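Here the chain labels run A, B, C and D in written order, and each chain numbers its own residues starting at 1.
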């Protein structure tokens, strides 16, 4: 079994108009910048995919990565917890102009909904958001005398994920807090596409230390020296990047 | 911070009559035999604790570990998925004699209920057991046209857990498939008591490879060469063990 | 009546496992399926207790009792093995990540209902992961003798024993035939050349539909 | 009117964090609390994005942007640090494993309701982990100036801004006082010696109960 693909274009092939795409990362940590840029390249060349529903904790920063995806006009709706950043101008302007929809989800509920999607749990109850505007229209029920809000799973057609090491089976490790939503999104997507800094041989990853078992991963592409979103933004980069 | 305690008796102190105690392990792998035996020792010396509600995947094997706990008459009710084993005579006889209650839970539902208890999710829906005797009396609801059964979280007063390595913060690693329910039970118990084969200094565990972060652990005791239930049973051991 | 051995039933089921498939085999008889993977195809086996991509049993005396399968039998690790906890393991099951689960059966109904966990109110009930597996894998198949030890049909209009799952089985590999479940009916796909459709019907507790050609079920001695 | 600086409010809040406590500090002002841990006590800090037991900020230029806190500021690892994914992180939060969460506030009601995520329908709403934190930690405390920049009370009978959580706050550390919330009422515990209860009441939007002695709120210059 070999889930590795040769290049980024092959990795993001199959993502079509209107699909739901989960994108890993918390701010810049764990953001699969190169996969996102490959998707933008395809859009620039073909006009597709567009009308995407994107799930991410944030809404992009500056003019690279997720912000560039939004700026390109490829995203119809964003499902996130915190659409603010050091430089949130791209999302902010499009949102205030009514050009992009927003579903705001508390961060823990977002994580749990994604995990539920991956784990076959169609709905669960959480105390989070009870009594707030974000619970409006949602089913509320008491357990042991305390009120809880019912939330539905989140699933995706594709997930774009950044990992540290991958083997040909798709077993993954991450780097520090770049882990964040990435393992959950692998679980919740029909096709999890992973950019890994290092592809190693089967058996080279300690089976005790594998964070995402390969069953949750469909495609892996090596990106040996990935960009860090924070570094790009500190350099005021925009996409397409200058060579 | 130092969560290590000096001996097994101190580790299991605090477990009182009628408490719910989760015990890790799947069959013998990951079973905290020494912690269980320490609890039996206390019962033999003091008559307590008794009337325990025990959560485990199984119901013990032979006459050591969980089987010995049941045989000692300390368990009022068992919540498990598979109360059979190579030598299930202890549980079988007590169950058929009406001396112990059984709540039978599908294995994945058991795992998810324990995780839910640890994660603050009071209830969730699962397709598992729909239309079967094990769903009787449970709330059923359709999502996207498919029926699901609602299940409640499981929490415990104490968990008895077997780990491979622990640091003074209670960060844990496990060994192979001895992991099983142990990390979940740490999450779901008010007090998670861990026997670790090795206690190492803070910083000696790779922060990427920690399976149970210390926040889920309250007490750690070193048991350098723990018994493996399977080996004891192959030697037809009974508790108390011969020296 | 000629019939396939358990090994032969397992062999036949193994032929339908695609290269690269993620597979869970029920404890006991279904474990045999792993022995008959067709050459050139790689299946990745999952066990509920937290191992993906494990290898075959170790030689006697070399068991590591922390490396076991759901039946508590010793297995081995190999390059690409991963360990995980029970909640992640059943996320794999319930979340639809397994391509196929192959299970044993007491009874299978034409509705796809399966009974394989309890023979009734006597004794100690035990369910394990069976109820999760039937609602998780993309394809749930059953391997079974076509009839009980007493010669009674195991393929029925409705199950009489406590159910494991409702409408979950889509293919049954028996000692006599390969039968799909479609639209709440048994559809005969393959049968031993030596027995007639009528003979097969006579040991089957619900009508066998024969909408298309029935292939010969030919299995080597294994 | 004399008042405490933000550092002083943070200092006061830090005094109530027990040795060995697991603590989440909201982004921004509450992060300051970490600087004032009393000597001899060790708090273990949790950040929503998947680090437990992280250390202080690295020197400028030595940041690792994969080691950040929920405010996306660089932090450091230290002996005992653990990494985990977002679902495990919020299991810690929602599952009641944190001893205390210290958050900022726009408004706090005597009911314990907190408003700290939205100033109304204008602009881009953003909630982050605030709504999870208020329902997870064993103790939810607020640090805040006693009044708004316009001098209006932030401690109210009922919140006027969109709620973050209902009945969740149990203690408020302000620039003037320490106030508990008990039985749906503000209970004054400490106040600056230089101001009277009447003066404090005049800048508080709901009645302050004074059922027992009020300690002097004395904080060093920090």
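Brief remarks follow.
Criterion: contacts are C-beta pairs under 8 Å (C-beta built on N, C-alpha and C of every residue); 3 or more make two chains touch, one makes a residue touch a chain.
Everything quoted here is computed from the prediction, not taken from an experiment.
Looking at subunit A and subunit D, the chains in contact with each of them are B.
Across A-C and B-C, the chain pair carrying more C-beta contacts is B-C. Taking the mean of C-alpha positions as each chain's centre, the chain lying farthest from the centre of subunit D is C. Computed centre separation for the pair subunit A/subunit C is 36 angstrom, with centres defined by C-alpha atoms. Between subunit B and subunit C, the centres computed from C-alpha atoms are 30 Å apart. As a whole-number value, the distance joining the C-alpha centres of subunit C and subunit D reads 56 Å. Counting partners per residue, subunit B has 112, 115, 119-121, 126-127, 174-176, 207-208, 211 as the residues that reach two or more other chains. Residue numbers of subunit C whose C-beta contacts span two or more other chains: 77, 83-84, 87, 90, 93-94, 135-136.
Viewed as a contact network, the protein chains fit none of the simple shapes, being neither a path, a ring, a star nor fully connected.
All chain pairs in contact, by the document's touch criterion: A-B, A-C, A-D, B-C, B-D. Only residues 19-20, 22, 42, 44, 46, 52-53, 77-84, 87-88, 90-98, 135-136 of subunit D touch subunit B when the two sit together in their complex. On the side of subunit B, the complex with subunit D involves touching residues 1, 115, 117-121, 167-169, 171, 187, 201-204, 207-208, 210, 213-216. The residues of subunit D lying in touch with subunit A in their complex are 47-51, 63-68, 72, 77, 83-87, 89-90, 93-94, 113, 118, 123-132, 135-136, 162-166. Across the interface of their complex, subunit C is touched by residues 26-30, 57, 59, 81-86, 88, 91-92, 95-96, 102, 104-112, 114-115, 126-134, 174-184, 211, 228-231 of subunit B. Considering their complex, residues 112, 116, 119-127, 141, 143-144, 146, 148, 152, 173-176, 206-209, 211 of subunit A touch subunit B.
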